[in-house]
Amino acid sequence: MNLSELLIELLLMPLVAFVIGLGMVLMMRKIAARLGRRIGPPLLQPIYDIIKLYGKRTQISHGLIHEIGIIMAVGGYVAAETLLPVPGMNGLADKGGVITLAYVMMIPSLGMALGVGQCANPNGSIGISRALTAMLAYDIPFILVIFGAAYVYGTTNLADIIAIQQQQGVSGWGLMQMPLLALAGMLALPAVMGKQPFEIYIAPAEIATGPMVEMSGKFMGGLFVMQCFQLYTAGVLYTTLFLGGGAYWITFLPKIYAVVAIPMAAAMLFPRYRTEDVIRLMWKWPVLVGLMGLAVAMK
Amino acid sequence: MSKLDNIPVRHQPTEAAGRKRTNPLAHVFDELVKFCQSRSMFMLHYCTGCGAIELPPAMTSRFDMERLGIQPMVTPRQADILLITGYVSIKTLKRIILTYEQMQSPKYVIGICSCTVNGGMYWQSYATAKVLKDYLPVDVYIAGCMPRPEAVISGMRELMSDIKSGRAQNWKRYYENYDHYLGNQQKLFGEDWQTPTDIIAEARHYGLMTDRTLGEHTALLEKHQRPLEALEMRLSAREKQKT
Amino acid sequence: MSKDLNIWLDDLLGDIENIQFKRKSSRRVRVDVGSEALPALLELLQGRASYVHLSAISCVDWIEDEEFELVYHVWSYETRSLVSAHTRIPREPGVYLSIYDLYQPAAFFERDIHEMFGVFFEGSPDMEKFILTEWDGPPPMRKEFDSEAFVNQHFEWEQYHPQWLKDLEEEGGGVTTRPEDIRL
Amino acid sequence: MTPLDQLLLLSALTVVVPLFTGNRRITGPLATLLYTGQGLLLLRMAGLGYGSETPVSSAVSLQVLGLELHWRFDALSWFFALITIGAGLLSSWFASGEWAQRYRDSGSSLRLFHAALALNVFTMLVLLASGELLSLFIGWELVSWASFLMMSLGSNTALRYAMRYVTYAFAGAMAVLMGLVLVYTRTGSFEFQAFRDAVPSMDADTVWLLFGLFAAGFGVKMALLPFHLWQAKAYAETPGPGAAFLGAISSRMGLFAMIVVLVQIIGVARLVELPVPFTFLSGRDLLAWVAVFTIIFPTFTALRQHDARRLLAWHGIGQGGYMLLGILIADDLGSAGGLMHVFNHATYQAVLFMSVTAVIHRTGTSDLNKLGGLVARMPLSFLAMLIGIIGLAGLPPMNGFVSKWLVYRALILEGSPLLFLGAVIGTLGTILSVYKLIHNTFLGQLRLEHVDIEEAPSSMLWPMMILSTVVFVTGYFPGLVLDWIASVQAAVGLPVLAHHLGGVHIDKGGLDMIWVVSVLLAGFGVGALVFLSGNRSKRVHQLDNYAGGHFLTADTRYQYSDNFYPGLMHLIGPWYRKSFRWLEGGFVSTVDTVSQLMQGLYRHTHPAFYLLAVVVFALSWVMGGD
Amino acid sequence: MRPENYQARSQPPSNEFELNFGPNHPGIEGNYAFRVKLNGDQVLEARADAGYLHRGFEKLMEGRLWIQNIALVPRICVPDPVPMEVCYSLAIEEIGGLEVPERAKWIRVMQLEMSRLAAHLFAFGGHAATTGMYTTMFWGVADRDLILDRFEELTGGRVYSIYNIPGGVRRDVPEGFLDRLSSLLDYLESRLPDYDNLFFTNQVFVKRARGVGAMTQEQALKWGVTGPNLRATGLEFDVRRDDPYLVYDQLDFEIPTESGGDALARNLVRRAELKQSIRILRQVIERLPSIEGPIRCPIPNPLAWNVPAGEAYTRVESSKGELAYYVVSTGGDKPYRVHVRGPSSMHAVQVLEKLALGARLEDIAQIMFSLDACPPEVDR
């Protein structure tokens, strides 16, 4: 592949991710609405929200780090998307691999944490403290699952992982090869996406929406954009590891939407856990299942 | 208190506010933003009075305001709409003004319930402020005690069409006539009334100053207060001495 | 059962001097007691007759008598009856004893009365302002404070007199007879 | 004289010069200059770092009791010496400006500080240059005493912990000495080569014994679990630049010795063959698990600290585990990761200590509950700390990520999920605690008493900025460091890592940091474009803030700092209290008793002790010179 | 706020920080504030701050006619306005010696219980929302709306009905109303298992709410706790049964209790009371058609009505607890003094402050909502 093609891919991948992510946000809100016996927002609501937020006339900032934080939050995900292969586009999959991806995905959290910290609002800091604790909770099963997948496939290159799975059709999917690890990943997924019952870090009734407390206008818009990427990344990563990735968009899209929809549907039926219960839960079941899965997979 | 007649009712673009935009794309872009603003309204979760009891029904399963893109938001930073749901006691009015100033423009105020117009049934109460629009520019009033969810939603829709057509520009009046509003606030709360938000600096920053922004009341404010300047980053003490 | 207890209560209250005692119904007893004897009475009611629940303390400003009337409503979960103990204290200086040691809910009511009427309760845990923290005027519930005059002095009204209202007035609509003119 | 001799001589000169210049202002710059000279001399041996096989030996050798002591530099020594001299150079630069003035004004002896720093560098160089086991031991002892001297410059607390360290170090030295005796009885020589030749013929018990003795002895200096309790507080209380130096490199001497003995001589392959009785583990696994617990426990202890320096010092212990873990994997990726982490850790740990010291210099405290919001006043120190914590947490684009990536990748290739998990838990814990560090110092509400403070002086900023640049550049182009690592691997006898400027290329998922960092920076650029597409923002005062619709006032403390991770502590707090504390308590009381005894002994004699050591060494140097 | 508040003063060099719950905060019910000092997530000090809804009702009532005040009183507690009207009317009836017709009493009971249903649905919907369970809130508020429809049919007003007047009620029950009410009750009853599954037996919620804001019965009695909150500590007390008014002594209903005294127990008591209210309403629906007669006793021209001198202390059981009015008349056309004793004046101030002490940040909102405190009752 020559450089210009690669550059085009690198430009396209975040854009595609953003558009798909918008759809996921819409789907999430629709699911919540249907469960609450409501109609829910119109089709283009996520993009209305984002444009409106960026179109605000006055916006307050608490300082340079507040701004840089948001830039890091969005930019980190933009970079992460180029490491995630999608049908027809491998991007930088062979340059970093899944470990790098897992760590690049922490950059937005760090950026947001810095930005929120600058706001000098304890509500935000508490939110970040909870978010980081939750990250500690869910990243352990998540990393375990990544380890298992990388070990079983014998590579950390996501493009290779997809190729290996697709050689054997559906029976070659990670889901079939290592069902326990896939289950552990699915258990950790709601926490990765930060949805109930694992969303104590934004708990409005306790800390008035935590990290978002001082975010206005384009700052808030940045977080909305980040949410699109977050859902997309979680969905695509899971699909890539366990559902055979996608050769064609037509099969790939249903898969990633389904992966995101399952935790969403469950999320609206639960209140939030306390922070320590999040850790307890995450360190118990997904880790246990994941370790069992590893034991089976590594034999 | 200066009479309301002195204040333009609808917004008339001033020189500072109405920058001429020659680029036709910019016009399209402005229209797009206006459209999105009308279709995505975040309202502040602040139950200032008893009218707030009709908001949950309007938001939840039966009337579902999310259909219209209206969502509750928690902090003033994120919100576009400030709903004044009923009477405002003086203690609450201070918080409402604080909250309004913390909101980001374009922002809209909806006075729900009759009490916001003229004190309502608490007209003889020593503890409630009577005419809300003396203190804040109100975009839409929704009458009733309390208005039904349908009325709330129809009021919202009216605001939506006002935003779409660009008529809902009352937030600019607050910057442009800050002296007038501040005067009314000072009359009620005392002359040393001050909020943490520096409205004058903000008006200057965004080019919303008019000759009515500053006046005797703001002079009083500047005399009493040291405006809260942002903590800008600085590398050495020399810059400090410069400022 | 509760009947017996009520009789017993009647006896008990009858024994104490200086109080007037009136049974209004099977569950309501009114007691009038001097201000110096009230704490003792409440202590007796709580300790001997299980009146453990202080329902409310009401204050009435009898401006013509230059007195505040304090009414302590206490309820017994056992006898299922409510004793309202009335006492009067002089309006000036308006100081009385707190019964917080007997009834913890008194703290709220006493604080409230202090705020609204300016009666100071000695021994109450917290006499700071609560509801009227941003109010500089006199205690508003006193009869001499005229809320309407205060409002007319401090607020202006939105002038709202549209044509339809004027038409209605011309037709003689609305309430034209003033209430005081048609007293029965 | 060989370059090595010149280097050592200059280094010794650096010790002596501050003794003469004393408390004058010139001391610091002069020492810095001398370190620069040392660095230049080291660069004369740069061939070692780029694949030259022949070690540079010293012209000096000593005959003691019929044993020949000699010194030489190979790639491993050169690599460590580079870090040592670099850390010494920047620490002394850092300590030469306003800091020195303040230090002197507070009644402390600048002369002693610079002498101690130089002595540390010198003894470390001697240790690194050791050519056989006996000189290794002598170097080892000298380093111990030198770092003790440095630690004892601090407060009384530091002295107490330094005493504890001395106790440990003494026990460790005893263990090493026993190991030496054992080796000598078996081989009749202290030469590395003789030892290496003898290892295959030794029975498992002997190797076990040697392994245990050396690992425990050197583990003390590295603060491996369970010998870690002295380090954090002792380092934390050392005067700022000294802490930066010690934190950066001092405890890595233990790793150096361990590499020499366990990897270079005994060989990891031999360790794998040593079974731990009644378990599935081998000797190597045992040590690897010790390394993993050394990662986890100190990291989570750091999480509970509310003093910035102690927090960092605890992390210093934890990071040592990654190095050992990487080296024990002993394949090309893992050992490269471990070795590279030595360099990386030294760079970011020094930055972090310097940044904290700058904050202390301006505010007078490192108590995380008494700081906050300093980014508006000390933005460059903030930047330094930010780069440092990203490195420490091991996130891209800083260099800490590369070394950790190598370790992780090796663990995946090897198939050790539990070690991998332990390493990841450590990383996550690090992220938590470094955020607390930067949040409580630089973010949040600026306290009233700090409104008028200024940025750190340029003498402090320069070293911080240089180190930050190193942290970033070696993260962007890890090949720069990997070149040296490859030479070290070749010298030590490990498989050599095939690498390029951007990282490593493996068929099954490599790493190219140039691409990753570039795309990350491009992502930030896109993020910035997206951000700038909104209308411009206006800065507001920190009191213009959401407080539930309430007015914030200046006398309200609106900063979340203490007990930063309560949710986590509700869960793991009891563990600290019960098992961990109990273990620690038991250990500490034993050690304290011993150190009380030793303190009684040394209180009268410890100045004499190091003098004695120095004199003995100097004499032997002079005598051997002819 | 005064400028001096923004000038530099000393800042406490401590590990504590302050957090304001409210007035603009979703963790607080209505316009009320709660200021807490915390270390980590532990509450060290909690202070209630009221007055945001203060309108001076008691002062206003002294300046208005007896009958005008009927329109004023329901505003004192927005989520549960009917008991206010009834209690005030009862007081006037007692002072004026009015004999309320039997039918009016039954209608009032019906209205009170409908209001209780609506208030409870709102209360635990709100509590669910504080724990992030928005679905329950959506359902609860939507189902409450159906009750409001019936109110609208009966009284003409959705929230404030202003339907009770001294001496009875304003108008009779519309035709077919009871059938529609009955089918509404059927619907609500069919929804209860859904609520149980979604919320009351949801293990995540149970885990969150158990042990939160727990008080013993002794504490509850000492602090003046009433209503469902008192019953959640195990004391079987209800004004409706133990100090009966209207026709509650002719009705058959139970008083549910729980022993935990915590947020969970308080919610379960409310959940059980839904069932009891439905039961009472069914009895009313059964009995009401058979009770003939007027719906109010004749009163003089309300615009010039001098209620005889006297005083009365009337109590009713509102959905929040014991609600009482102390009304004094000197024989004029306006009350001389009206004192409102709202149940929340205890719950939202002292009890909340005490329960919050030592609690965790996560639980403050839960404690407030589980006490079902209604700030306007405090502020009046």
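Residue numbering begins at 1 within each chain, and the chains themselves are lettered A, B, C, D and E in the order written.
The rule is simple: a residue touches a chain if its C-beta (ideal position, glycine included) is under 8 Å from a C-beta of that chain, and two chains touch if they have at least 3 such contacts.
Since this is a predicted model, take the numbers as computed values, not measurements.
Common neighbours of chain A and chain B under the contact rule above are D, E.
The minimal number of chain-to-chain contact steps leading from chain A to chain E is 1. Annotation of chain B and chain C: jointly contacted by E, touch as defined at the top.
More C-beta pairs touch across the A-D interface than across any other pair of chains.
When chain centres are set by their Cα atoms, the one at the greatest distance from chain C is D. Relative to the whole-protein C-alpha centroid, the nearest chain centroid is that of A. Separation between the centroids of chain B and chain D, computed from CA atoms only, is 56 Å. Taking each chain's centre as the average of its CA atoms, chain C and chain D sit 73 Å apart.
Spacing of chain B relative to chain E, judged by their CA centroids, is 33 angstrom.
Chain geometry summary: the mean Cα position of chain A and that of chain C are 60 Å apart. Residue positions of chain E touching 2 or more other chains, listed in rising order: 1, 6-7, 17, 19, 23-26, 41, 51, 54, 56, 59-60, 63, 138-139, 142, 379.
Within chain C, residues 132-134, 140, 145, 147-148 each touch two or more of the remaining chains.
The multi-chain contact residues of chain B, meaning those touching 2 or more other chains, are 45-46, 60-61, 74-77, 91, 94-95, 98-99, 102, 124-127, 195-196, 202, 205-206, 228, 230-233.
Here the chains touching each other pair up as A-B, A-D, A-E, B-C, B-D, B-E, C-E, D-E.
Of all residues in chain B, those touching chain A in their complex are 32-33, 35-37, 39-40, 45, 60-61, 64, 66-67, 69, 74-75, 77-78, 80, 102, 104-106, 202, 205-206, 230-233. Partner chain E is touched in their complex by these residues of chain D: 369-370, 447-449, 451, 543, 547-551, 553-564, 566-567, 569. Taken together, the chain B residues at the contact with chain D in this complex read 46, 75-77, 94-95, 98-99, 102, 195-198, 201-202, 205-206, 228-237, 240.
Those residues of chain E lying in contact with chain C across their complex are 48-51, 54, 56, 58-60, 63, 65, 221-224, 226, 235, 237, 242-243, 300-301, 303-306, 313, 315, 322, 324, 326, 328, 333, 336-337, 339, 341, 345-346, 349-350, 378-379.
Within the complex formed with chain C, the chain B residues making contact are 1, 4, 90-91, 94, 117-119, 123-127, 129-131, 133-134, 188.
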